[in-house]
Amino acid sequence: MDKKEYAIFSTEIIVRPDDIDMNNHVHFSRYLDYFLAARYDQMGRCYKLSMEEFIEMGYNWVASNMNINYKRALKLGDVAIVKTQISSFNGAQVKANFWIYNKETNKLISDGYGNFTLINIKNLRPTRIPQEILDKYLVLENFA
Amino acid sequence: MDKKEYAIFSTEIIVRPDDIDMNNHVHFSRYLDYFLAARYDQMGRCYKLSMEEFIEMGYNWVASNMNINYKRALKLGDVAIVKTQISSFNGAQVKANFWIYNKETNKLISDGYGNFTLINIKNLRPTRIPQEILDKYLVLENFA
Amino acid sequence: MDKKEYAIFSTEIIVRPDDIDMNNHVHFSRYLDYFLAARYDQMGRCYKLSMEEFIEMGYNWVASNMNINYKRALKLGDVAIVKTQISSFNGAQVKANFWIYNKETNKLISDGYGNFTLINIKNLRPTRIPQEILDKYLVLENFA
Amino acid sequence: MDKKEYAIFSTEIIVRPDDIDMNNHVHFSRYLDYFLAARYDQMGRCYKLSMEEFIEMGYNWVASNMNINYKRALKLGDVAIVKTQISSFNGAQVKANFWIYNKETNKLISDGYGNFTLINIKNLRPTRIPQEILDKYLVLENFA
């Protein structure tokens, strides 16, 4: 039988001067911003369910935790390739993995994962991810 | 007769590592953030009309233009003293001046001014600043 | 005779979630970051003299003043088109104009200009822009 | 026998408007910036070995990984109390824990830990933390 996994999507992000810190490379917290920027881009473009649509449906996503490893650094002039992949769903939470590469060298810069919780905008409480949303995320790749 | 001017208020802001750019000093756009942070602090603390109260009243402030001069730079470990002063009112707009000092050296780091426009949250259009708000800003200092 | 002007170059910048503030649009100081990001991109790509080359030559550019007008706002999901144009040179200073457009609507979001000063890295003092650098910037467009 | 632990130090950080995102609370990556700002403050003020002194000694600290949990959110007008504590040393690495509280409510906003690696500035390689530096960090509290 085929082994199936959630699809990996990719977003290109240019390093901006305001991302650079005193060490002459992208500031450590900005890699999380690159991860989030990629998720937003991919929500609309790849899963066909943009953040704006979530908000219209009365939902919001908030971060519950983040784990990030720093392997190398991006510098000014570099372009980041940010790959993300749904890892699992659990009640109100989705776990997403990410990998940030240097576009030119193809080397891994940073990786990690984060859990996001679906919130009902009305009462600001976590809410079980509805099946119609789960279905949207079931974009599979076949690695058989 | 006394010469009267709008009061000058002062806010202390510590330089954070994420404010520092590749030149090892505070990134050029962050001085505007320091200005805005000082205005927010002073709105509630000095004029007794916080941003939250503006929003409850159905108003918002948006920047219309900003002009900033860079004289010296702040570095990590420095503390900024951000002074602001209302310069004038005109319809929906207020003009505010600012001066950013290095707390330790007392030297002028940056100065400038910005115009902010009062917006009616319902229609997102500029709205004449009401007299009761103007009255709140009439905190005068007597330099006679 | 032909009317000549300095060339206008264009850089595309995607709006990231960390650029958005409590007003649900790009934070007011970030438009200056977009301007600077465009200048860096265009220095290497259009004038063939990147910031890294300036630093190798013993120079650095620092901002002396910035003037920015806010006309409309960019939101999450928007793409900025940032156009910049050299306006004039004066001793150690170059004045550059900028215009930020919404890529989709083609509407003007923000415009303004800034003066940058060439610094000698050794003594950190302003230094007259050498002719070989001025020549690099003489990328003209013929609007005759 | 006494139970000894590394000291917990505390730094106060005001929330700035540029920290707030579209959800009207401090942007998720900024809590890591608050953690780092607290470490810098405490390095000089509490351990008597500032970042500047590290650099003069030919060292730098870089982040190797970060783990952060989000419990509640800080809003504009809030003040963060950022507590950090050395957890352990291992070769070139130090592990530090952090807890971010809302100063007014005393509620826990976020916690986590990060590993930082000591780098030799000359070769940019990890370097075993020297004993004289370890000694500086041996600021203990006695919880017996």
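For clarity, chains are labelled A, B, C and D in written order, and residue numbers in each chain start from 1.
Here is the rule we go by: a residue touches a chain if its C-beta (ideal position, glycine included) is under 8 Å from a C-beta of that chain, and two chains touch if they have at least 3 such contacts.
Note that the structure is a prediction, hence the values are computed from the model and not measured.
Enquirer: Measuring between Cα centroids, which chain is at the maximum distance from chain A?
Expert: B
Enquirer: Consider the two chain pairs C-D and A-D; indicate the one with the greater count of contacting C-beta pairs.
Expert: Here the pair linked by more C-beta pairs in contact is A-D.
Enquirer: Suppose each chain is reduced to the average of its Cα coordinates; what separation in Å results between chain A and chain D?
Expert: Spacing between the chain centres: roughly 25 Å.
Enquirer: Compute the distance, rounded to whole Å, between the mean C-alpha positions of chain A and chain C.
Expert: Here chain A and chain C have centroids separated by 30 Å.
Enquirer: Whole-Å distance, chain C centre to chain D centre, using C-alpha means?
Expert: Computed from C-alpha means, the inter-chain centre distance equals 36 Å.
Enquirer: Where does chain B touch two or more other chains at once, residue-wise?
Expert: If we look for residues of chain B contacting two or more partner chains, we find 17-18, 29-30, 33, 36, 76.
Enquirer: Sort out for me which residues of chain A touch chain B in the complex.
Expert: My answer: residues 17-18, 20-22, 24, 27, 29, 76.
Enquirer: Spell out the part of chain A that touches chain C in their complex, as residue ranges.
Expert: On the chain A side, the touching residues are 13-14, 16-18, 30, 33-34, 36-37, 40-41, 44, 50-52, 76-77.
Enquirer: What residues of chain B sit close enough to touch chain C in their complex?
Expert: 23, 28-30, 32-33, 36, 60, 62-70, 73, 112
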